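The next part holds the structures, each set out as structure tokens.
Two complexes follow with subunit A in common, the first pairing it with subunit B and the second with subunit C.
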Partner chain A sequence: MIRTPRMFRLMAVMLLASGLTTACGSNEGDSSDAPASGSGPSPSAPSDSASPSADSGKVVKLDIIETGNNLPPPDKDFIKRELDKALHTDISLTVYASGDDYKNQLNVRMASGNFPDLFMVPDRSTLKQYVQQGLLLDLSPYKDQLKAAVDFVGEDSLKKTSFDGKVYAIPKAPNIPYNTYWIRKDWLDKLGLQPPQTIDELLSTAVAFTEQDPDGNGKKDTIGLTGSKLSAFAPVFGAFGVGNPGDFYLSGGKLMNSLYEPGMKDALAFINKMIASGSVDPELMANTGLQHQEKAIKGQAGIVWIDWPNLSKDQFTEQIEKVNPNAEWIQLAPPKGPGGQNDGSFDIGGSPGIYAIPKALEKNEEKLRKVFDLLNYVSTKDGSNLVQFGVQGRHFNLEGDKVVPTDLMAQEAGFTWLYQFTGRPEKSYLQVKFEKQASFIDFADKQPRIQTLNGFLMTPDGYNAADANRYIEEETVKFAYGKRPLSEYDAFLSTLETSMNYKSFLDSAFQQLKELGYGN
Partner chain B sequence: MLLPGALYFIVFRYFPMYGVVIAFKDYSFNDGILGSYWADPWNKHFLTFIHSPYFGQLLTNTLLISVYKLLFGMLPPILMALLLNECRIRWFKSLVQTLTYMPHFLSWVIIYGIVLALLSQNSGLVNHWIEEAGGQSIPFLTSTTYFRSLLVSSEIWQNLGWGAIIYLAAMAGIDPTLYEAARVDGASRLRMIWHITLPGIRSVIVMLLILRLGHMLDAGFEQIYIMYNIQVYPVADILDTWVFRTGLQQLNFSLASAVGLFKAAIGLVLVLVSNRIAKRWGEGIW
Partner chain C sequence: MGGRHMVRGTEERVFQIVVAAVLSLCGLAALFPLLYVLSVSLTPFSEVLRNGGFILIPRSITFDAYRKLLTESNVPQAFGVTAFITVVGTLLNLAVTSLMAYPLSRKQLPGRNLFLMLIVFTLLFSGGIIPTYLVVKSLGLLDSVWSMILPNMVWSFNVLIMKSFYETLPEELFESARMDGAKEFRILARIVLPLSVPVTLTIGLFYAVGHWNEFFQAIMYVTDRELFPLQVIVREILIQTQQPLENAENMTPTETLQMASVILASLPIIVVYPFLQKHFTKGMLLGSVKG
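So, the complex of A and B:
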């Protein structure tokens, strides 16, 4: 067997150190957010409500695990204190910074029967595996007791976590897309260029950024476009009207897989042209974590595909200014192409998080009751405000129904999203918490995107997703880098269907989606 | 006196081995190791592994990377130990020794950071020099041509000083009268190294070689997992990284242990065979 990945914790810390301390992954799916400035709570937390268990009733200990970061120690964690006080619990939340690490930890705990009382499930495939293993509590009979939580996330979104009509987990309320292209306005000005509006202009701008020394240091040391792996071209795929390789979506009322769209070949041909021009980050495929953000902040790249928090939050604007006081990043609407204009794709089947309860809790009614209480509490007004904004009177004040933040909110309440087990009303939340970034949030939300359905899918038995995904990624990268001629595209598809068993996945995926009412 | 040691091995090493049966079962968390159903057919998970389109590539990569590491990684620590052994300036010797075995304590993440700073295509030091000298930058990290060399050389760099320690210890154990006698006979330093030092550590070299052979199918999971990317998968994807993606991340523990068992079986055969051969030369470990 493989050696225990103690390394991974270290690795996660290292690789993600720059970015993840800010709580924002580079994926659209990552809904995490972070303090606008200065992470962690201030040490001067109030001490008036120090003993939560002093009231009455029996205190129940709840063990909760999820991915996340920047959780303060329990004695400074005012959300824990308030929740404990309201619910007579002793909540012990553990968060893991790296998704891979979390997956492993969770699998090990499940395998050893050391179940947490409430935990995040990484994705729908894992959910399915847990359901098949009989590890999860069927929540259908308890719907009444979970009414507040169900109402909060919307009865409809429960189908993301249902199998055979039974609900096995609570998905967080859906969020909004964060990613767009960002471009250096000052570089454009210096070279006398306008923001690119078509993909051809995108290419010529990227080339100009590479060749014409936009930072004026006399050296040819800048690159046009960067991002994390192939996702850096999401808007280019969008401009050809297709999703990222392997995406499922509705196109003209018909269910489609992006690999089988004629536009996919054209998109790959265009991406190949961009890469051949030498204006794309040569290490695009090796950018893990937030290395592309680093390249953007350091002034090495002029266009980057990234989410707004990672370029516009105060801590990053400060860094950008330190490197170059004249640097100015602006968002770019998706460039137009033959297939229209789409800022990549957005998975409507995905959820920012799925939370499940182990079947083992069925026999422990008292504990189960408390978990339900917790889920309901963070879904109703008082609790929801608490996990969104912090403590009333300290971090925010209510004027009628309007939440007015205090200065302390930005300083102390950055981690509260860790307790948003049922999510949050995304837009109103972000606008209170990120007032300065409101225009960026709005911009990213308004861009047209292809609505993909992959989040609803489960892999059929006998289909090795790891092998197939590798093959898809590997070969599309080869096409994009001109290592394999596009004339072999059909051969690629047939190998994928036969050797990789993708056909069985396609058939099953279409069937699953039809059952959910997509396409016909 | 043997008891505590034997007990340790029985409780922590041999007893847990019964868990290996899940390689032949459809392991389910709920049913546990003994309660899970037997796989049908019994070698189902082995077949999944062998029938993976990447099986051949995985095995080739694993063996090649392992053999390269063994071949190229064998000599440098011995040379290092010889040089240190001959060094008569004590403070210099300990300085060099400390500096060279420090990397052993660095995690691969940090080493990858150093590699990145040196070899990155647009910001790396080496490529910077190449470009200053009028050359074309080289994609060390994303090209299939350089990746294995990168793996092997970074591994050698990491283990150079550490590997030398054990040889140094062996050299310290050589009877000094041998050197005195040689000196009286007028042998040069090189002669003494060749005829006394090297034969003196021969058994240690053979022993380490045999032990390494047992790990032939461990090509260094942590290192590769951190350093590889999709563009170098064809030369870098090894059994362990595949197991991590396919077995552990997809909750298929039976598959993971089937591959583990497969690796252990091959490792055992290699150790037995190499010990046989070594014995013929009069050096086996048992």
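So, the complex of A and C:
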């Protein structure tokens, strides 16, 4: 009863505030294009050691905020302790479990000038907004001082956070794909089926799982395929050679948007056929969070589109076994279709996180150096090992260059990723931390996928991405569920182009991607 | 005549039965989710899963989830913070609110209408988040428990309820007290407050529940984990399964653990309610009827 009015108030104020900050921002914006040269000592030796600057006798307090969870209290936080020791800092990291809470907190702090020293930018539109308001430090002049961090994430990655040639944030090192179809091997065996290799077999298997009582309880209470919303069909789109609705990618050297590919209509027609067969989770569009995972664990569904951690981590294999000791989940290569074989799409422009430094820090050279030191430290060997695996000797040992985990790693070092401000070398990291899951990680990583480029895109002014995306989702769902005939597909596109201003987005997107060197 | 009475009697009785039945159904419907939460929190998670996630009467009971919450998480710390905010905050709230309501209830107060207008004004308009944040910041309250107590010292609405209640006290009492030489503070402390136990408890409960559920100000003003109140921690536990995977390392709390955290967070208030109930209804009624 107290919450709702507050929310309204909040919204109203955010509106007001965004007006205010824009005004303030533009005032300060132009005044300082301060060249980095001359300020601060020359960049520390670009060698691997990236030892923190020697002049740091004084402890500097660093205030960092991001989303996350399970951060232990400071006295038990050994990563904080080690980082503070190495860098002469007093790092105060605050994590917010809810993305919305985080955005509120960040917006209020940015608007009131109480800037954190380093913070996660929730998404690209926020990044754009902050850049336009002049709130973020242009990192381009400091690239030399950030060499270790830049090398770690890859110079190329900086494209993701650049505007007009200036770098405004550091993206984390790139991810690898986690998702595949998972299928119940014991159900296949019981019904005498082979793992499906084509989309037609996928459909017939899903139908068999629904109709033929694979769990043998005499009740027709199983579903073939589940997942979270339309993403459950990512490999089906892939089998028709198209990305998920709205994806941009290169197809035969040409830049494409999936909505304009002929395969999109065919894919929607096939998905419609699957849904009409009754073998798809009837609550598919209502699944939020991890509900599809729960259905899989509880033995209600036989095929699920999900990431490997959520089905193969020890925590979940235990649960699966407790429900049914005979349950056996295996990964499924993407089924083939008329357009080839693709395990959905993977955004090579995406980043698991973007970190920015406020412009205000420019004036506080000492602090700024410490933030750079921190970013460099977690990007070089010692620091990176620390934030990846924990304390050497306690959580892992080095045999040559190989990281050998101890038992304590699994018990104590689960939260260290919160300090991976520049990310981690994804695959080698996962294979150490998830030794038992190594084969699943490898399998998911090796599947062919359509490499989409959406992550590189900046939305042009006058185009509301949220509205357009919602419209695309709503309409594709209607097509998939047969609520709107596919003969109206072209009408859908023209509404999208005109009412939703998608045309201007398309033009701008192709333009931007060409400038980045994609397509011709 | 007697016959008609009889008919009316049975009609009355049928009506009573229907009312009782409907009300108990409503009561059950309200209890049902609570029972579900309690049962899941007491059942081993494997059992929950085997039952397709639905358990009403636990067949085997474990206190593991509670033990885990109370020993291995931030919950005890947060409990302390919340208890402090609730107790100290409510006492301060009551002190300030009654100090404000008492003069406003006296018709002799000069500019009374102006003050009332100002108070009602704050009911309709507020400074908004960012200005409030700036005030809290410049007072140096960020990252302290006081940021969850001081900004909301008074709820205007509660002042009005309390003022209406004070107005119902017979004027003669005040006159005789004054005759005996009592000044305003003494009248408030010795006469008004002892006579207003119901409204004080009711409003105290409003404030206390508000503090117990403290969430928003904590999220805004506090960054130190040690100062997070209970609801923030509980929400962290609950929200983790509602978000898509961000990191492979995330440990998803089991449903059992989630439900146990819900019980821990709401139990104290549930326990307090019945004891305050009789004052509660009385206080509400008096405030509203004579307002």
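Simple rule for what comes next: the second predicted complex is superposed on the first by the 461 of 520 C-alpha atoms of A that agree within 3 Å, B and C clash if a C-alpha of one lies under 4 Å from a C-alpha of the other, contacts with A are read in each partner's own complex, and residues count from 1 in each chain.
One rule holds in what follows: a residue touches a chain if its C-beta (ideal position, glycine included) is under 8 Å from a C-beta of that chain, and two chains touch if they have at least 3 such contacts.
Given the structure is predicted, the values throughout are model-derived calculations rather than measurements.
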item	value
Touched partner set for A:Asn104, first subunit B, second subunit C, both or neither	both
Contacts of A:Ser125 with subunit B and subunit C, given as first, second, both or neither	first
Touching partner for A:Thr94 - first (subunit B), second (subunit C), both, neither	second
Winner by number of subunit A residues touched, once subunit B and subunit C are compared	C
Which of subunit B and subunit C A:Asn70 touches, first, second, both or neither	second
Which superposed partner A:Lys185 touches (first subunit B, second subunit C, both, neither)	neither
Partner chain(s) touched by A:Arg394 [first = subunit B, second = subunit C, both, neither]	neither
First, second, both or neither for A:Ala286, with subunit B first and subunit C second	first
First, second, both or neither for A:Val323, with subunit B first and subunit C second	second
Which superposed partner A:Phe434 touches (first subunit B, second subunit C, both, neither)	second
Subunit B and subunit C footprints on subunit A, overlapping residues	2-3, 10, 14, 104, 111, 288, 300
Residue ranges of subunit A touching subunit B (in the complex, touch as defined)	1-3, 5, 7, 10-11, 14-15, 100, 103-104, 107, 110-111, 113, 125-126, 129, 133-135, 221, 223, 229, 281-283, 285-286, 288, 300, 464-467, 470-471, 473-474, 477, 481, 499-500
Contact set on subunit C toward subunit A in their complex	45-46, 49-50, 52-53, 74, 77, 126, 128-130, 133-134, 137, 142, 210, 213, 216, 219-220, 223-226, 235-236, 239-252
Complex contact set, residues of subunit A against subunit C	2-3, 6, 9-10, 12-14, 16-17, 20, 63, 65, 67-71, 73-74, 92, 94, 96-99, 101, 104-105, 108, 111-112, 114, 178, 228, 288-290, 294, 297-298, 300, 307-310, 313, 315, 319, 322-323, 352, 414-417, 430, 433-434
Contact set on subunit B toward subunit A in their complex	28-30, 48, 52-54, 107-110, 113, 120-123, 137, 139, 141-142, 221-222, 226, 229-231, 233-234, 237, 240, 242-246, 248-251, 253, 256-257, 260
